[in-house]
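So that you can tell them apart, the chains are marked A, B and C in the order they are listed, and the count of residues begins at 1 in each.
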């Protein structure tokens, strides 16, 4: 991996307007460095801000979303850098797809139902060309076919089809191909396998592995499925109530979580193969973003909570010292005391 | 054990619920869709049977027929040995109370204009099981406590939109419990919930199973959930309207025999990075599930099956036959090899 | 192990339907204003006649007089006092409107929900009946009936308007019941063996409360317009005092062109329009009140 991060996020805050004079902070204090070729999972339960953060990174927030502070520095291949948050409209348009692309959640609805798949590819290819450049019809056709073959779809069948004529898995593959149309360096995927059947999920995961090995893009994917994170991520960041509360390698997070919430999350899922462990739930439910508790937002549900936890929001403190953003860090004052274990109920 | 629907059981020995040769064909614009074709299963009192499979495999259709929500186009659903569609009013009432169904979507299964109290007690009041408002309130509070919604009093006068998804699903379970059921049919009842909430609901349902002796027919696409909830029970794996493998959960999960079950288990993304990396997926010959309106000949899995051989596989549909004392399997190749292996060792 | 967070919102106090309606009427300014207008006009039409001297002689010397201290709204062709006619003339059109709407909505709710819930033969018969009724032009039916029976009563007119406007509503209620019937909470009610009657009336219809109510209001409006229209066409006997008849007389005699005779047509017309605006304003906020999700806002 190279020395310089491809994406540096600092002090990022994202808000949603909820009324004329009210807003909620959907993501706050987000900081991370992503290095070229890495695959980072953002995990958490619904409402934790992971999708907001993913959309915010490419400034694709819905209308009421705003980014009042922070910076997202993107480093191009030639070494120049640009703050995504300071890009003008035209610059941003060229940046998306050609430098960083998004695969939206819900393969079912991401395509315009009255447009053939071929038209979607043609639009994307034409829209994001540098000024003054044009593509002929044959060039567009050849590139579309190449892209579809890349995700192992039959171009002859898929290009003239309407979205509803394809299965969920085929649509998801086509979406990934579309995102890769302009060779982006960074790919952001929102719940890439949710709502797909098990065998289809598995094939999409394999596809992503293969494509990443082939093209070496950097990947951020948002998921509630810890299995997917374990399968696809080098790095995992857990989010809770709008903050990243723990980050580390997949091994750190799955085998040695230092935040009680991460530990709880891991203990709430089990591998299919092997013994039967006891699953434990996390008591209570996540707080509303509009009324966060004082101090650590997880405090009211935490078995390790102490008075000092309620005084200030704990910052993300490094526990190890590793390069390339692989440091294990957690936002818990009692990180040393967290016991992560699970009891085996029945042996296989 | 092969099912023998021709010999009627006496109510004393009959299973709580038995599905025999269950068939459900839907008439649609695109022709006849055989959603379920020939399912034989039974659930004993207090036991768990888990139906797993991908979307379109017929698990929900089977569950709905078992719950008496749809009338099967073939075969029968028997409650304590009696065909539910040949019951008189009194018998039907008994079945209706004993077998309850919990929907997947807690946002749709509660009437938006009724309070929790009103939803929970509608059945009790109709069937004269409670007298007066005060008694109804007490009964509803007890039900909420059974599903661990406490303090119950603070939930009774709420409307569904004031509750979270997990809380709603608990109310739906409590409503089913109001009928004092012997069997709960839970259709993907935990799949719309976040992981931590899902576990706590699963644990609550497990409590009902262990403490109240309620039997479960548990439908899920999530093998981990199936494993956790049905560890002491049985799993039936469905594919395109048929059961392809059926046996005790630990055996089916840890030693799957049918190539489809094997592929499913290998396809699971394990929440364990080392396991995920070491696990080998099983390549299928085709990624696409055939359409129910144009089912392949012979074994419906053969166009995707890594074990498929020409001959039996593409001409004769395999029957779900006993493989050993406790497991049933519908696969020509595995059954043949199994027989050969036993002959070899024996 | 499970501790469910206590619900964030405090429970609503248990409410009866009447208190919900009252809350609905007073929840916002336009709804409240609407309710006040409706009540005032109903008061004028039904209580007013008891508070005044109903004696209203014709007087050849007072034809089409302008408003004055003696006749606040002037007089008509026969020299009768316009104000007294306005007060006496409201009862009939409002009664016809409300009764016709009750009949239309009542028929539509019963037929539509039974047909939509049970389907099958009941549905086929109900659909055929509505089709047949839909093909009969109401106005022609009126024409025939009014020529056959010279002195047709207001109630009979209401029944005819109600029955002829029901079919469209039958179809839309049937369609809604059919879709609500497939909803999971209705299935849950079936699982409790609640019985068809209860399921229709306590599970399904309350979910359509706002819709039915709005249609009731619209049906009142339509019936009043139909009645006025029939008077304008001269289809109905000119016996009693009636706003519709006043409009017809003014129109027919050309008096609406005389500025001093304007109140004779303008006041009944204004009252009808105000009544309808009042009803619509009221219905909006009542519709919100009938939906627990909207009630809190």
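Convention: a residue touches a chain if its C-beta (ideal position, glycine included) is under 8 Å from a C-beta of that chain, and two chains touch if they have at least 3 such contacts.
Since the structure is predicted, the reported quantities are computational estimates derived from the model, not experimental observations.
Novice: Can you name the chain that lies farthest from subunit A, using the mean of each chain's Cα atoms as its centre?
Specialist: Between subunit A and the rest, the longest centre separation is with C.
Novice: Where the centre of all protein Cα atoms falls, which chain's Cα centre is nearest to that point?
Specialist: So the chain nearest the centre of the shown protein is B.
Novice: Can you work out the whole-Å distance between the CA centroids of subunit B and subunit C?
Specialist: Result: the chain centres lie 51 Å from each other.
Novice: For subunit A and subunit B, what's the span in angstrom between their mean Cα positions?
Specialist: So the centre of subunit A lies 33 Å away from the centre of subunit B.
Novice: If you average the CA atoms of subunit A and of subunit C, how many Å lie between those two points?
Specialist: Result: the chain centres lie 56 Å from each other.
Novice: Mind pulling the residue numbers of subunit B that touch at least two other chains?
Specialist: Correct list: 166, 200, 203.
Novice: Residue numbers in subunit A touching 2 or more other chains?
Specialist: Correct list: 280-281, 283, 285.
Novice: Check each residue of subunit C and list the ones that touch at least two other chains.
Specialist: Touching at least two other chains: 1-2, 4.
Novice: Give the list of subunit C residues in touch with subunit B in this complex.
Specialist: Per the stated touch rule, the residues are 1-2, 4, 6-7, 9, 11-14, 183-185, 187-195, 198, 202-203, 206-207, 209, 290-293.
Novice: In the complex formed with subunit A, which residues of subunit B make contact?
Specialist: Those residues of subunit B that touch subunit A are 54-55, 164, 166, 194-200, 202-203, 221, 223-224, 227-228, 231, 250, 253-254, 263-276, 279, 281, 284, 287-289.
Novice: What does subunit A use to touch subunit B in their complex?
Specialist: 45-46, 167, 169-170, 193, 197-203, 205-206, 224-232, 250-251, 254-255, 264-266, 268-274, 276, 279-283, 285, 345-346, 348
Novice: Touching subunit C in the complex: which residues of subunit B?
Specialist: 67, 69, 92-93, 96-97, 100-101, 103, 105, 108-114, 119, 122-123, 126-127, 148-151, 154-159, 161-163, 166-167, 170, 172, 175-176, 178-179, 200, 203-204
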